[in-house]
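Just below sit the structures, each encoded as structure tokens.
Below, chain A partners chain B and then partners chain C, in two separate complexes.
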Partner chain A sequence: MRQLLLAIALILPLPLSAQTAPELVEDVLSQHVLPGYAALVEETGELATVAEAHCAPGDAALRTAYGEAFDAWMRVSHLTFGPAEEQNRLFALAFWPDSRGVTPRSLSALIEDADPVIETADGFATVSIAARGFFALEFLLYDEAISTMGDDAYRCALVQAITRDIAVTAGAIRDDWETRFAGLMREAGTNDRFQSPEEALRLFFSSLNQGLEFTADLRLGRPLGSYDNPRPERAEARRSGRSLRHVALSVESLGQLAHLLAQRDSGLQADLAQAVEIALERAEQLDDPVFAGVAEPQGRIRVEALQQRVREFRDLVQERLGPELGVAAGFNSLDGD
Partner chain B sequence: MTTRRGFLASLAAIAACPHPGWADAGSPDFLSAARAPDGSYRLCGLTGAGEVLFDLPMPDRGHAAAAHPERPEAVAFARRPGNFALVIDCREGQVIARLETPENRHFYGHGAFSMGGDLLFTPENDLDTLDGVIGVWDVAAGYRRVGEFPSGGVGPHDVMRLPGSERLVIANGGIATHPDTGRVQLNAPTMRANLAYADPESGPVEVVELDVALRQNSIRHLAMTPSGMVAAAMQWQGSEGEHPPLLFTHEQGQAPRLLSAPEDAHRQMRHYAGSVSVSGDGRELAITSPRGGLLQRFDRDSGAFLGAVALEDVCGVGPDPAGGFFASTGTGVLTRLSSDRPLAEAHTRWAWDNHLVAV
Partner chain C sequence: MTRAFTLTTALAGTLSLTLPLQAQTAAEVLDTYADIAAANYADSLTTAQVLDAAIEALIADPSETTLAAARSAWLAARVPYQQTEVFRFGNAIVDDWEGRVNAWPLDEGLIDYTEAYAGPSDENQLAALNVVANPTFTLSGEEIDATEITPALLQETLHEADGVEANVATGYHAIEFLLWGSDLNGTEPGAGSRPWTDYAQGEDCTNGNCDRRADYLAAASDLLVADLEYMAAQWAEGGEARAALMADESAGLVAMLTGMGSLSYGETAGERMRLGLMLNDPEEEHSCFADNTHNDHYYNGVGIQNVYLGQYVGVDGTVVSGPSLADLVAAEDETLDTEMRLRLAEAVRALGAIKAAAEAGFAYDQMLARGSEGGEALIMGGVNGLIAQTQTIERVVTALGLDGIDVEGSDSLDNPNAVFQ
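For the complex of A and B:
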């Protein structure tokens, strides 16, 4: 037996050297976080530029730019800590779920009053965060009531104010990462924010875990509702037909983060890649872009199956990647209640 | 509220003497939910020596329990957001009543009895408003639902009764959730936790909030000294870059007192205190963090940090009848702590769930 193990040990290629925690942090920063925010800054800048010349709700160029910028946001939306958390930037970009309907209410109030607060960037930054960001813009472009309410010129100015504000917020998050937060993570152990590189890794891990839960429980769970009370009207970004797309984009991006964090265990990396692929295949086959099918038994089963695949990915992350990164996967520590 | 009926019922119970007490169930010191080695979920009675006196089946994972003040009856609550609780006769191992929440309510996993044990109070979520309510159940009528009152906040979790009084203290965690979306927080931008005192007849009478900078410190679990000082354990939902205290004490009409270990030790709690207890001699307080694998002790009077014990997946903590603390872990450890050292460990293959409820 011992000889057999020895033989296997000789055959298996040993990694030249397992990545250290600082190397893993660097990889996540340079391959995931910073490129993700660079893309967001570029796409939101483009959106603001397009909106200067095209602000009508049905404008094809505006809708395309909106879609591309929203895509870029979905790829980093799980990085909810640090720069995104400062000054509520995260909610200023994406106020969802909006269970009390604050976004349409705030937008209606602005439009009905033709409130001049939107005329300057500083003024606009003071309006309710529910009236800022991608979801407010979606109402102005796609919601039947809001997109036709009040004065066309005012709504045009509002679209331009929101797109400029989105670009400014995205730029602020990116700058904060580049000039401050990435450095704190790289130099973990020498500053108070991160007392060790492991602490920085654990933060990435918890974004991954929470991102998967957000997708399973909110992006899929909210429209699913319960069997007796399905809630398709709660699907994320359903007005622009992006609900399923958001699930796929988040799983893909979280898959990339998981891949980078699992580099020290190639077996785990392969299992994670497979879980991602299975979930993405399931999403691709769904053919129900806004989860309208949740109200019908057949359609519901298919959305539940997608949710189940996302949860299997999350289980793998919790049960195997967590311990690999020094995060306990215990009966109580995972329960968190 | 129905105190006369409760009074009459308890007279009737006395008349029907001899009536059973906790001694008839072996006099457990604690109740704890657990997962057995075969994967089934149980409610157990434990002694301070780590003996398991009874283990009774539960249909699903439990959380905490409420022990009737006199009779050997335990109400075992389902894990949040459960809709059921079982009333178990701990002598016979029989389920004698099953509580189901009204439509549009769910339990949070905790409950408390009135002084004489005639009423049971249960923190619940109102699914229409996502505001907290306290359900009221008439014990003598077979645990019949008789009413509810506002908890004074959102996401009420633990509830306790002040000693020698019918007044309740409620940990309103502040986090709005809906079972359709699991445990995901629906009110991050507006969350505000509080500690509320309430009388069953009139609802909340005093609501204590910490500084607004701590609005995202979810107040979740409670312990009580014999004199009525409340110790509240918290779970930080705000920035991971901040490490605010996870424990405070409060006495009615006074300002809350925040307690934490020195920074390095405090950070090891990983923003999370899962349970809190007063020591058996009443002189110390302890909080546990399963995420940090740590139990920390504090002096009740001075608030000084006294030390920590590392225990993997520790969460349950209760007063050791011998004076210190008793703790349980998800890895099967039941242990008595004295100073900073485990005294006796009874390793088992059972996963002990979040809380040890003192009987």
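For the complex of A and C:
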């Protein structure tokens, strides 16, 4: 009996580890992308429901639901192509960095005019992305000026409009993945969008790479500024105290994506896991949720060290995972002025 | 005899047409690329010199007519320059330099008065500095003497002052602001409407400090000419950009494709087009003072196509052409070459539709207005065309076996603060 089992085990391919490009793509879809969006749809739906009954800026239930939905977004925010890129959905969910201060300006304009455009979902969908999504909601919940501006009832309606819009947009991305884009990736080689499975792999590899650069260079680099000119006020989601949390969530999720993509090389998988762990440990020890410390030499060194750990993870991805997959990162949507 | 001769000639003719296609080498393709860059920057220089002369005439004899002539010269100068932007990403020498001539968007309150003034912002304490009105001021704790407005003051002291990229003191867009003024029409039609009397000397001067404003404009124009002289020389025979390109053939090809892809995707489709649309914000227009944005995008698209097809039509009609990337790709994979040509043509056509609509009276600002379905369709048509061609450019990179070759200056994330500025 025992020998028979052994024989079967030898004959059957190991189901645990994907070997071919289509198998890798399938694993990333079924274990990373689709569950990530399913969670986002659930949490954003919950946020919209909570906001129907709790719309005051300081409301604990609302803030909790906001945090959970934002967490779910951070876990998929690096998937910037396809369904998230279509109809500008990604930016409608999360417009950051906002280097020209357009979000507070757009929100003030809506509130001051008590603009009725927020009354319908279709109307609100035409509003500037700067006044939509998680970062606009953050101003309404946490910014001293915006959260007290104008009429309470209008701001309440605006909070509800934003949360509903977030849920609708998240649902649209998920549906587009399930009904269209996942199929294109699975059937890569038989359609024009993906002329080979390697093209699908390349896209996942590019988003891993771009996600790590976004975290190192923007989430950490923007507040760091320069030694002579640190910019703590540029930290992402600092008003809700989530800046460091976002770095950790993104490293964790990108670590999962890297793990799935590296399945053919267990040694590389282990090295990637270690790089992720080192970065997460560094984040945990930092004890500076909004990177306020960047203005002081001591605190600055610690944030720079975290940035360095994220970059080491990225280097590993570029230098070893890329060649292992036989792909290089494609063009980056963040290339630009 | 005659007959045989004709046949031989015909054969030779056929051979000379087809042979070079098969004999394409990367070096020849790079040569064409460098020749196009040289001609394109030379055109940018000559049109900037025409602009400089028009600005001198405006300052010497301010009038409605001389202001209009300077504006026309600025618009003409943008035609060749926008086509050169495809040389930016991938060629470090261009990438390091381009911020001097085409930095954007700008907090124009640094330079001169603006009625759209919003005061210093969280990101930029100098957003309302107004150098034209202030001969002395404090900058990052240092007392600055700006009684004389010189190219050096603009370039060394003011440009990107305080480490903020929106502090644009030089280049096309600074000149654009000084010729047109702020566009106060929001998402309604109409460009900036600076009166010519902003340059009138003595009692006719409007908005004050006309002498300093003229000094600023003259200095910015001198700088633009000098900067373009420099870049044209880098691409001429013996120039440094050409030498850097030729040093490694594979890296040279990567530089070509990197320029095409990065300008298509992150820069034009993303930063310049999609963002403005999503924000409904005409201040995100690339040429927001002159309302020339439709041309900016269109000539970016043409420039990308130039590089692939190995052909550039100069401002005087001179054609530069030669062995091209298209030839290399066709030799490897004819279907892919057809796909690439088609995608480039579709993108240029979609960008052309924006240009056509704008020239027929539907201003780019109006296209950005909240709820403008026609505007959104036009702009997203251009965005989608550029995204689609980027996917094919990636295929070309793979088909030519250039995957994984990194090239300096391909990634704006080297300079994170610049992203989304």
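In the analysis below, the second predicted complex is superposed on the first by the 309 of 337 C-alpha atoms of A that agree within 3 Å, B and C clash if a C-alpha of one lies under 4 Å from a C-alpha of the other, contacts with A are read in each partner's own complex, and residues count from 1 in each chain.
Quick note on the criterion: contacts are C-beta pairs under 8 Å (C-beta built on N, C-alpha and C of every residue); 3 or more make two chains touch, one makes a residue touch a chain.
Only a predicted model underlies this, so the values are computations on that prediction, with no experimental measurement involved.
Student: Contact-wise, after the overlay, does A:G322 reach chain B, chain C, both or neither (first, second, both, neither)?
Tutor: Once the two structures are laid over each other on A, A:G322 reaches chain C alone.
Student: Between chain B and chain C, whom does A:G101 touch in the aligned arrangement: first, second, both, or neither?
Tutor: In the superposed model, A:G101 contacts chain C only, not chain B.
Student: Based on the superposed arrangement, let me know which partner A:Q195 touches: chain B (first), chain C (second), both, or neither?
Tutor: After superposing on A, A:Q195 lies in contact with both chain B and chain C.
Student: After the superposition on A, what does A:G82 contact: first (chain B), second (chain C), both or neither?
Tutor: So A:G82 only meets chain B here.
Student: Per the contact definition in the header, classify A:A92: touching chain B only (first), chain C only (second), both, or neither.
Tutor: second
Student: Looking at A:N332, would you say it contacts chain B, chain C, both, or neither? Reply first, second, both or neither.
Tutor: The answer is both, since A:N332 touches chain B and chain C.
Student: For A:E233, decide between first (touching chain B), second (touching chain C), both and neither.
Tutor: A:E233 sits against chain C, while chain B stays out of touch.
Student: Let me test your reading of the model: by the given contact rule, A:V127 touches which partner, first (chain B), second (chain C), both or neither?
Tutor: second
Student: For the overlaid complexes, name the partner, chain B or chain C, with more touching residues on chain A.
Tutor: Tallying touched residues of chain A, the top partner is C.
Student: Considering only the contact definition stated at the top, list the common interface residues of chain A for chain B and chain C.
Tutor: 85, 88, 91, 95, 97, 99, 129, 193, 195, 213-214, 217-218, 221-222, 225-226, 328, 330-333, 335-337
Student: Touching residues of chain A toward chain B in the complex: what are they?
Tutor: Its residues touching chain B are 81-82, 85, 88, 91, 95, 97, 99, 129, 193, 195, 203, 206, 213-214, 216-218, 221-222, 224-226, 231, 328, 330-333, 335-337.
Student: Which bits of chain B are touching chain A when the two form their complex?
Tutor: 35, 63, 79-80, 109, 130, 178-184, 186, 188-189, 220, 235, 239-241, 264, 267, 272, 274, 290-291, 293, 312-315, 329-331, 351-354
Student: Considering only the defined contacts, which chain C positions touch chain A in the complex?
Tutor: Going through chain C, the ones touching chain A are 89, 103-105, 121-123, 162-163, 165-166, 261-262, 264-267, 270-272, 274-275, 277-281, 283, 370-371, 387, 390-391, 393-395, 397-398, 403-405, 410-413, 416-421.
Student: Using the touch rule from the top, collect the residues of chain A that touch chain C in their complex.
Tutor: 85, 88, 91-92, 95, 97-102, 106, 117, 126-130, 193, 195, 198-199, 202, 213-214, 217-218, 221-222, 225-226, 229, 233-234, 322-323, 326-328, 330-337
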